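Before I ask anything, let me first share the structure, which is written out below as structure tokens.
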Amino acid sequence: MKKKDLKIRVEYLTRVEGHGNIVIDVAQGKLETCRLEIVESPRFFEGMLRGRSIFEAQHITSRICGICACGHSLASIQAAEDALGIVPTKQTILLRKLLLHLELLDSHLLHIYLLVAPDLLGVKSFVPLLEGNEDVVRRALRMKKTCNDLCDILVGRHVHPISAIVGGFTKLPRPKDLDAMLDLLAGLRDDMEEATIALKPYFTFPAFERDTEYVGLVSDDGEYPLLTGDVGSTDGVRMTKKEYRNVTNEFVVPHSSAKHSKLSRESYAVGALARFNLNADKLHVRAQHVAAEIGLVPKCINPYMNTAAQLVECVHCLEDAIAIVETLKANPLNYDEEIVVGLNEQRKIPVRAGSGVGAVEVPRGILFHHYEIDDNGIITDANCVIPTNQNTGNIEYDLMKLVPEILDRKDDEIVLAVEMLVRAYDPCISCSAHCLKVDIKR
Amino acid sequence: MEKVVIKDSGYRLKKATILRTKNLTRNEKFFEIALKDGSSLDHEPGQFIMVSLLGIGESPISVCSSPSRRDSFDLCIRAVGKVTRRLHTLKKGDEIGIRGPYGRGFPVNIITGNDLLIIAGGLGIAPLRSLITYVLDNRRDFGKVHILFGCKEPKEMLFSDELEQWSQRTDLHYACTVDRADPEWAGNVGVITTLIPGVDIEPLRTFAAVVGPPVMYTFVIKELLKKGIPKRQILLSFERNMACGNGKCGHCQIQNLYVCQDGPVFNYEQIKNLSEAF
Amino acid sequence: MEDTQYVVLKKDRFEEFIAALSSMQKLVAPVAKGFGAYAFEEVTSADPIALNYIPTILPLKKYFMPQRETLLEFTLDRRSHAEAVVEYEPLTIFGAHTCDLAGIQCLNMVFSERPKDYNYLLRKGTITLIGLECNDYCDEYASCHLVHASFPSGGYDLLFTDLGDYFMVHINTVSGDRIVRTAGLCEGAGSAHMNELRSLRDRKRTVFRNEVPIKTKLIPELFDAVFGARVWDNLNERCLACGNCTNVCPTCYCFNIKDELDLTLARGIRYRVWDSCQLEPFARVAGGINFRKERSARQRHRYYRKFRYPVDRFARFFCTGCGRCTRACMADISLKETLSELIKESEERVWKKWL
Amino acid sequence: MKKPKVGIFDFACCEGCQLQLANMGEQVLSLLGSLRVMEWREVMSETWGKKLDIAIVEGSITDPHAVERIQRIRRRASVLIAYGSCATIGGVNGMKNNFVFDEIRKYVYGDSYAFFPTEPTKAVHQVVEVDYFIHGCPVYIPEVVTVLKAALQGIPYYVPDYPVCVECKLNENVCMYDRKVTCLGPVTRAGCNSWCINNGNICYGCRGMVSNPNEKGALDVLAKYGIPTSLVVNKMNMYNKCRELDEP
């Protein structure tokens, strides 16, 4: 084989959230550099949280990322409630699960359709799809909007949910809202069926494999764990969420404003594929069906298949969301649980000093929020560990294995394969650069 | 929800066509307009109309031509915002909508037979041009006529050809001044109030018609009172925010008066105690 | 003695009566919103109706001059065309207090004054108004007696008065009469009923008193004297200029007019929306001059539009004493207090003159 | 009429406002029907790099690199729309300006903080001229549509210069002050249709303050609830910190 020199510079990687560059240098057929650079301007969220009321944490950290604002909100609320010692009611937990389902649906659909589908269909973006594949785009936008409308009903809006706060909800869906949600979900189910049929033929992913450790929530009940559970890995690790630092083991690398993580090996992966690998047996039957149809079997170690796992999760979340709304309809909600807290001026929620951790499966993987508060409920310390940060190391190791395997291809094919790999992780670079914090070891 | 068309609605528009436009200064443009159905606007000097651009909005604009010209009327428009800037892009043949005329103009019936002192500041010349041209059209019905005009700079002077013509006429007295001169300017320099002491009038048979920016009024009125013109004979036209023109929307209120219906022209006696007027 | 203008509706038939009303056309009535707040909302049964309520957040004007109301519809193609329209939905309002009835009477005068506003007048013609007398004060913010709005004085089709286990219903118009006939649930009122009504009114006369220490007819005079009062400066400090007091006021009707195109940019509407003299841009003109820049001037204008200006124009006050502006103000600016302060300040002046 | 060329750009932000466009659903297609999107990194791989009729800019300007980039965008755009609170008023990114920068960098990045340059967060108009402002965190879709239409018509859009309370009252919400919670509605400019209060929460002031707020009056009202002043000030500054950088 001819010894090849290659320099890949993908600046402002497109069709991902946030700004990142890919840098690959091959000299004489030997891979010299392989980096995913995070160049997003840092926003210092954790720094800014200090000195603020714990009751503002959700509102602020939601703004870390507009794509998974509901996920950040839920993790933040969980951490805050943990610190304050609040135990959410059953109704609240159910509604939060519903919200998380909608979040996963919304984000996965956006990723599959607007960001990945162009690669699968061989175009540059969804814009050219409008010619010839307009029905696909229309269906995608319709599904996206349906998720959005569902969130509107449940929490006021999808980007930065309004009514989900520490202690519960400021507004609870009325019976007519539940009916409206069921209608929307039914419509979504139809679109989803069509979509799976339409997409399946295109779901042929590059045959690339690299064994790694997959990390996500695990639990002992029969439920596919998204909102609650312990942290586990395919290498057999199991810890409580409070021990999250022993999972993430973050370290700073100079080329990136995002930190990297490792657990049992040099890197690990989180996200839809990790969850699937850990908990496939707990998926809704319909979702298991779809998985079987597209040939997704645990433990799958092809990172490109993350997109397939997302599709499977979409089906699961949709079915479970319908089940939840039906449960809510069958057992009338308790509207006395509607609260508004503000800065807790009414002292309705007892405040105490404490430390709290939230661990929630958001679309891109497990997300940790951690707050320390003083006895006035003022945040003294904050830490957020974002899925994309946990994945970056793993992405680089993937690239290091992938690039030598495909060096014989044309340059633009290599670039595309590399870009597609990064995109498969659905990296949310805006998040990753917004929320990192180094443990200052003294 | 049911819907019916209302023939008598106060918001119905009349179609009008632009016959001619002319740039007066960088910011002011002149429009000659005719109603599409060929009818006459039938306005009084000093009245205004609501000019309407569908999809953009409406603006109150004074009619600046004499009612004696019946087949068309003139507007002079300063570009400041949504409607007025877009109006400036229109050309001959373009269509606009109008409502009105609205309000009370200069009470020509009462003024007729008397002397006139017309004081215009800046864009205030627009409504006054309507009065001036009316008076010139019916010159014999009026006594002495003085026209005082002031503006910030010579290049902001509106209707300069007409001003030039007026200054040549022997049957009226014309004077003008600018706040800041430029090298070519040979005339008076100073605020408009400096011109007033110099005019020779018989106060009891003189009506003063004053239109200009709000700051001008207090000073001009003081000078006019000094001259001995009765309060009832000092006529002022006011500009206020306006949405409806029908005396309902509340924007143009000066205490208990509505500029759009009770004005825009008031005599000083009516409003001297209204502190919101000045 | 029987009075044909009065009929009686037994309370146990109220449910049926409401069902009958709502089957005729859309029916709205006061409904509890929690935290002591009420709003007029659509109802189809008597169940959600709050018979004992303090004035709703928004007054009835929301039905007579909707917050957003189309005035013109137009197209923008080569032959652009505009048509003036009114949109309305026939409606029955049940449960309007006397203060709110007074509010509608005020608006009627404004919009009937030339040039008439046909959007308002046409819509008003499709609204049936059923009042509900207050037997007692709703709360301490009310000042309805001061402005003669504590007793019914017309402006309704039917008026309900709660007399224990029945309602006395006064039939005031032909359409009110038609409703009573169609529903067929009322009985004639006998002299015993009339006596009970009379004694309720007598009792009310002992409860309702001028809430502010001034004779009603002297109010215009008071306002003639206080344009320059210090009270306004105090309001300047406190007022947040949020417009709540005017939006909730049954007699504030200021509006703005705007245009809007649809997404094709080829069709659109001109519509009016509620506006408020308390808002910063209300009296601002091109060039940036604001004729009521100070919050004090804006608050003063509001009070004068209630107690002085309409006296000249319509020979009545444009305050109905409903107390909404006071309830809605988070800076706790109170109408009754402001009036009392004005009275105090004017007395001070009179005293100063004397001394 | 030639379809205007549009570019969508992002700076420090959460990209939620861009996402709001996708949330319009099929409506976005009618909108896209009247324009040509040339660049939109989040969803497109195409680049253009030439003259644009309209640049839609999301996010705040937080580092020297961003300053240069926004200036380049301004130079090639005839009309520039600041899109979302991060862009229009600095938004939540402005909270950073509460801190000493080296300190906050060290807090977040430890000893490696020197890799991460930062400077005071600025709103877009504090760096380059802005033609249209679409406030909101996130932006409110009906307002986005209104402003885009105004931009296409070439007429100005005036952001409502009155408080959220106006819309809140029209929606007949129970006022938060009646529920004994402090709300920033009275000093925050309207245009969101009182989104948060409609959903049972308070207004956090994401659209920036009205032009002439009675700040003293508002602080008095807020302080009534016995919350430490620092928290009240924090609350007002959550979105509005960059206001301090505006010329008076």
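So that you can tell them apart, the chains are marked A, B, C and D in the order they are listed, and the count of residues begins at 1 in each.
Note that in this section a contact is a pair of C-beta atoms (placed from the backbone, for glycine too) under 8 Å apart; a residue touches a chain by one contact, two chains touch by 3 or more.
Bear in mind that the values here come from a model prediction, so they are computed numbers and not experimental data.
Comparing the chain pairs B-D and B-C, the larger number of C-beta pairs in contact belongs to B-C. Nearest to the common centre of all protein CA atoms is the CA centroid of chain D. Farthest from chain B, judged by the mean position of CA atoms in each chain, is A. Taking each chain's centre as the mean of its C-alpha atoms, chain B lies 42 Å from chain D. If you average the Cα atoms of chain A and of chain B, the two centres end up 65 Å apart. Centre-to-centre spacing of chain B and chain C amounts to 39 Å, using the average Cα coordinate of each chain.
Averaged Cα coordinates give chain A a centre that lies 25 Å from the centre of chain D. For chain A, the set of residues touching two or more other chains is empty. Within chain D, the positions touching two or more other chains are listed as 153, 179.
Along chain B, residues 55-56, 81 each make contact with two or more other chains.
In this structure, the chains touch in the following pairs: A-D, B-C, B-D, C-D. If you check the complex, the residues on chain B that touch chain D are 55-56, 81-82, 85-86. Within the complex formed with chain C, the chain D residues making contact are 27, 30-31, 34, 145-146, 149, 152-153, 158, 161-163, 165-166, 169-170, 172-175, 177-179, 185-187, 210-214, 216-218, 220-221.
By the touch criterion stated above, chain D contacts chain A in their complex at residues 10-20, 22-26, 28-29, 37, 40-46, 62-63, 65-66, 91-93, 95-96, 98-99, 104-105, 107-112, 115-116, 118, 137-138, 176, 179-183, 195-196, 198-202, 204, 225-227, 230-231, 234-235, 238.
Chain C contributes residues 33-37, 39, 56-58, 67, 237-244, 247-248, 260-261, 263-265, 274, 276, 279-281, 295, 327-328, 330-331 to its touches with chain D in the complex. On chain B, the positions that touch chain C within their shared complex are 1-13, 54-58, 78, 80-81, 84, 95, 97, 213-214, 239-241, 243-244, 246-251, 253-256, 275-276.
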